[in-house]
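One structure below.
The letters A, B, C and D name the chains in turn, as written, and every chain counts its residues from 1.
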Amino acid sequence: MQMISAQSKGVFVIAATPFLPSGEIDLASTDKMVDFYFEKGADGLTILGMMGEAPKLTHSEALSITKQILKRAGDKPVVVGVSAPGLAAIGELTKAVMDEGAAGVMVAPPGSLRTNEQIIAYYANVVQTVDEDVPIVLQDFPLATGVHISSATLGTIFENHANIVMLKHEDWPGLQKISDLRAAEEKGRRRVSILCGNAGVFLPEEMARGADGAMTGFAYPEMMVKVCRLSNRGETDKARDLFDAYLPLMRYEQQPALGLAVRKYVLAKRGVIAHAAQRKPGADLSPLAAKEVDILMDRLEKRLSALR
Amino acid sequence: MQMISAQSKGVFVIAATPFLPSGEIDLASTDKMVDFYFEKGADGLTILGMMGEAPKLTHSEALSITKQILKRAGDKPVVVGVSAPGLAAIGELTKAVMDEGAAGVMVAPPGSLRTNEQIIAYYANVVQTVDEDVPIVLQDFPLATGVHISSATLGTIFENHANIVMLKHEDWPGLQKISDLRAAEEKGRRRVSILCGNAGVFLPEEMARGADGAMTGFAYPEMMVKVCRLSNRGETDKARDLFDAYLPLMRYEQQPALGLAVRKYVLAKRGVIAHAAQRKPGADLSPLAAKEVDILMDRLEKRLSALR
Amino acid sequence: MQMISAQSKGVFVIAATPFLPSGEIDLASTDKMVDFYFEKGADGLTILGMMGEAPKLTHSEALSITKQILKRAGDKPVVVGVSAPGLAAIGELTKAVMDEGAAGVMVAPPGSLRTNEQIIAYYANVVQTVDEDVPIVLQDFPLATGVHISSATLGTIFENHANIVMLKHEDWPGLQKISDLRAAEEKGRRRVSILCGNAGVFLPEEMARGADGAMTGFAYPEMMVKVCRLSNRGETDKARDLFDAYLPLMRYEQQPALGLAVRKYVLAKRGVIAHAAQRKPGADLSPLAAKEVDILMDRLEKRLSALR
Amino acid sequence: MQMISAQSKGVFVIAATPFLPSGEIDLASTDKMVDFYFEKGADGLTILGMMGEAPKLTHSEALSITKQILKRAGDKPVVVGVSAPGLAAIGELTKAVMDEGAAGVMVAPPGSLRTNEQIIAYYANVVQTVDEDVPIVLQDFPLATGVHISSATLGTIFENHANIVMLKHEDWPGLQKISDLRAAEEKGRRRVSILCGNAGVFLPEEMARGADGAMTGFAYPEMMVKVCRLSNRGETDKARDLFDAYLPLMRYEQQPALGLAVRKYVLAKRGVIAHAAQRKPGADLSPLAAKEVDILMDRLEKRLSALR
């Protein structure tokens, strides 16, 4: 099993957790979904993230779906979200998933942190809690966590802890932060991998600013894969043409809280998972919203045809 | 002077406040900007909003720019933002701007409100503070205010106060809220005008859900005007074609805090205002960001040519 | 094992979790502490609360300390805190502790809830998640959770769910809420038990307003026991004399975040637990703070002597 | 007129704004109240603070009451709260009140600040906005502002700006912050005056940690004056005896939002102001709450008699 590192690049798809309408985990769809992500060019997966309905899984379910996805992913890296209110739970889940072959763990800061000093201390505690060879992804998502981490604070954390190898970047606005971090590296700070979230809606600019790729769950991972590849080859206009075609749907999928229902609806409509169902208390798309997504998917197909 | 009402429709542009590089208000640009907005088809303006740098204006400056814009706007309606931590300041500014001929005032809830009951009581206090014939716009913008107002709470406020005639809708996600409010009206609740914000990034869906138009400051108001008109005529595909062309730039302009710098940069580049400068402590666009906007404007022009 | 109910009264002490300096759970001190609480007159205990360092316990540690305390408590009721970001974890832990003989579970709202409607829906989901005969304590602690629940919202939740039998009341200010809830009961709403937190600093007023007792972890539970008994007998002046003697220390212990260190320091100094140690990353009292507590304990003893 | 400085010491009472039942400012009571504060030993006053109902005053009312209080205060220093969402308003009000003879201005951070860097930049902007010889009080009150300022961040701000001469300290818990700041001064950072708020409930410990006095609005300023004097003379036990006598009422007055109603009720009952009325939308004490305060005032009198 490949570990993530400060050199990791490409697209890590945030995986959904497929459910049967009964609320059971849909194991057949899970395998199919993993295959789909890699067929579309994903370089890795991230599971049990905020969008993976992790809080609705029991501990044993979380472990069991982790095992299944790790097995299906073969030698591709799979990052596992282990954020929790307590360090003990983070330590426990980290040990369990690393033993199973995870490529690293992802930790978002708890909402109670306020000052720079508290944020720095928190990641020191996390690093002390897990084994020193566990690669860690720092998830910087202020809109969801309420915790704002300045570029300088990120820099301090990266300096302090060599095993924090990756930033899941989803500050908003966040483009300057990428430039800040890369500038600090040019002045000698060690490199970290920067994979960007925010549903991909700034991917062309993020790549131009020095991001290494994307880590988000947009239901057309092929867009992210191609935009990253085209960007890396310098074909930025072509990258933007493709990006723009998907943007109306991406924007719709980016809606907080609603995004997961949209993503599952699209995945089901694309035949990737059998059911769009979320486990309770998640709500399915309303008929009106489903129709809005239908229109966006139709228009996307036409636009892609015109691009070919 | 025309007043806003529950029947108001169309596009109210949130106006910027033009400054000279010295920090003085740029009066010549102000007139030019007002003319530009109406030439592009705006139905009205909203001034001294969050994006109008209102907090950087002294009381007398705020009044003086209001007078100038009201004069230049002629018989077109101009709404004035009067949100403030205290009711006394709201009452004072409301009286002053209504005396000058404003079409109504806009009030966002202060960030200290928590429960539904507190929000309902707040608007009762606002209504008591201003004269009973002043039309009020309720600004519902949780991302900026931190105050979340449910559809039912909005309904109660509208029932309680006939002079709250308009909702500036910028909850996110907020489409369901439009549907909720219109459904309540069909069951007998009095009508309110719903003009949508959020930089316009959901305008096609908002119009389809029953919105009356847009109230936001996107630097190409002609897009909003045309999308609203096309939507009203049922030409939704054409509306979306146009909308999609502008979306890459709209998405960029929607970035919190950064949006105003983008907007002013675009207005200056379009020749509408002489300088993109914000009054301190506002920051201009970084060179990298300016280049990103240049690319988006270039691509927009090409896309519009292809649409014609 | 006795279950809590809407008729529960008296003092439920929020129990600390004793640790050895090594970070291991101190089982001997745990038993001694349970005995101490009941010897001092506690009617029940609440464990794994915010102050019980629950987030620092692994799942198996949490269960094992629950078992030990339940065993030692004998037929006295023990409430277990099961708040968690996800319903699955709440369901799992609730089942486990109820099977072991807990008297009920306590659930605080997650910090993401905003509107009254969201809070009401959340408790409906919690009730659906646990077995219908599990007695639930609603913990209303806005200072810690960020969630503000109005009296009317509490009333709706109590009406909706007969198995929410108790309110852990620690809104601040919160006296009016007690009066509101009791007034609603007089108009016909079913009764709930109200036990008050906030380190006990409003206990005389809370009892006079209709509270049933206290649920907090002040390190002198005998004060709470006596103040409740004296209040119930109408000896309010005597109750206040006693309360006032402890108030300087209570006020010190009430400091957010610091409170647990104070409490453990006092318990250790009283000989109840062997070590004041918190599990990492908790901080012990600084020498200056310890000296401040020493002074307060000395003065308390003198004051109590004078009262006798 | 005396200016505040980094050497200021003693008790600055946060003054209420007396109103007539009609809502008009009660000018006669205002003078009487100023006299009362100084007769009880206050070293200075702070007006237009959060508790002064400043947001309910129009700009001209705020100036007019400032003038009256400054006149009545004679050569005693009066600090004026000038916190506002915008720098322009801060600059305007500062100039106006300094011209009238204020001893300095007090500025709390706006709730939108998050990172240490943002807080530091904000005070740089404030300092640039006002004249360089205006003494500034930094109000650090996280419970009310939502902004958490670490000891190190405070230190940076004090180093950067020599005219920020005083800290109104009301972090909670905040004792360690006093020790941190004094320790930094011993290592060479310039001195600032530290006056403590939080309704005075930690005054003995604050004085022992190195505070210079109190700045809060407890309705018995003589308690603060005496506790500070006794503390300064090293008569700490006597200071605590006195403090403890007032603590039951202080604790009651410290309740957020409710505190002002309690304070005005007590001032009215003591004959200092003619009416306890707050300007709308402030609520008077409920009859139940008023009775609770009556009991506390009675018990205080008895306790003071026993101390004599």
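To be clear about the criterion, contacts are C-beta pairs under 8 Å (C-beta built on N, C-alpha and C of every residue); 3 or more make two chains touch, one makes a residue touch a chain.
Quick caveat: nothing in here was measured; it's all calculated off a predicted structure.
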Next item on the list: Name the chain whose C-alpha centroid is farthest from the C-alpha centroid of subunit B.
Entry: C
Notebook entry, point to check: How would the subunit A/subunit C interface be labelled, same or different, where same requires over half of its residue numbers to be shared?
Noted result: same
Next item on the list: Rounding to the nearest 5 degrees, give the angle of the rotation that lays the CA atoms of subunit B over those of subunit D.
Entry: 180
Notebook entry, point to check: Cα centroid separation between subunit A and subunit C, in whole Å?
Noted result: 38
Checklist line | Centroid distance [mean C-alpha coordinates] between subunit C and subunit B, Å | finding: 48
Notebook entry, point to check: Where the CA atoms of subunit A average out and where those of subunit B average out, how many Å apart are those spots?
Noted result: 33
Notebook entry, point to check: Which residue numbers or ranges of subunit B touch two or more of the other chains?
Noted result: none
Notebook entry, point to check: For the protein chains shown, what form does their contact graph take: line, ring, star, complete or other?
Noted result: complete
Notebook entry, point to check: Across the complex, what residues on subunit D touch subunit A?
Noted result: 114-118, 142, 148-150, 152-153
Next item on the list: Note which residues of subunit C are touching subunit A in the complex, please.
Entry: 54-59, 61, 84-89, 91-92, 111, 121, 125, 128, 280-281
Check: In their shared complex, at which residues does subunit D touch subunit C?
Finding: 172-173, 175-176, 179, 201-202, 205, 208-209, 240, 243-244, 247-248, 251-252, 255-258, 286, 288-289, 292, 295, 299
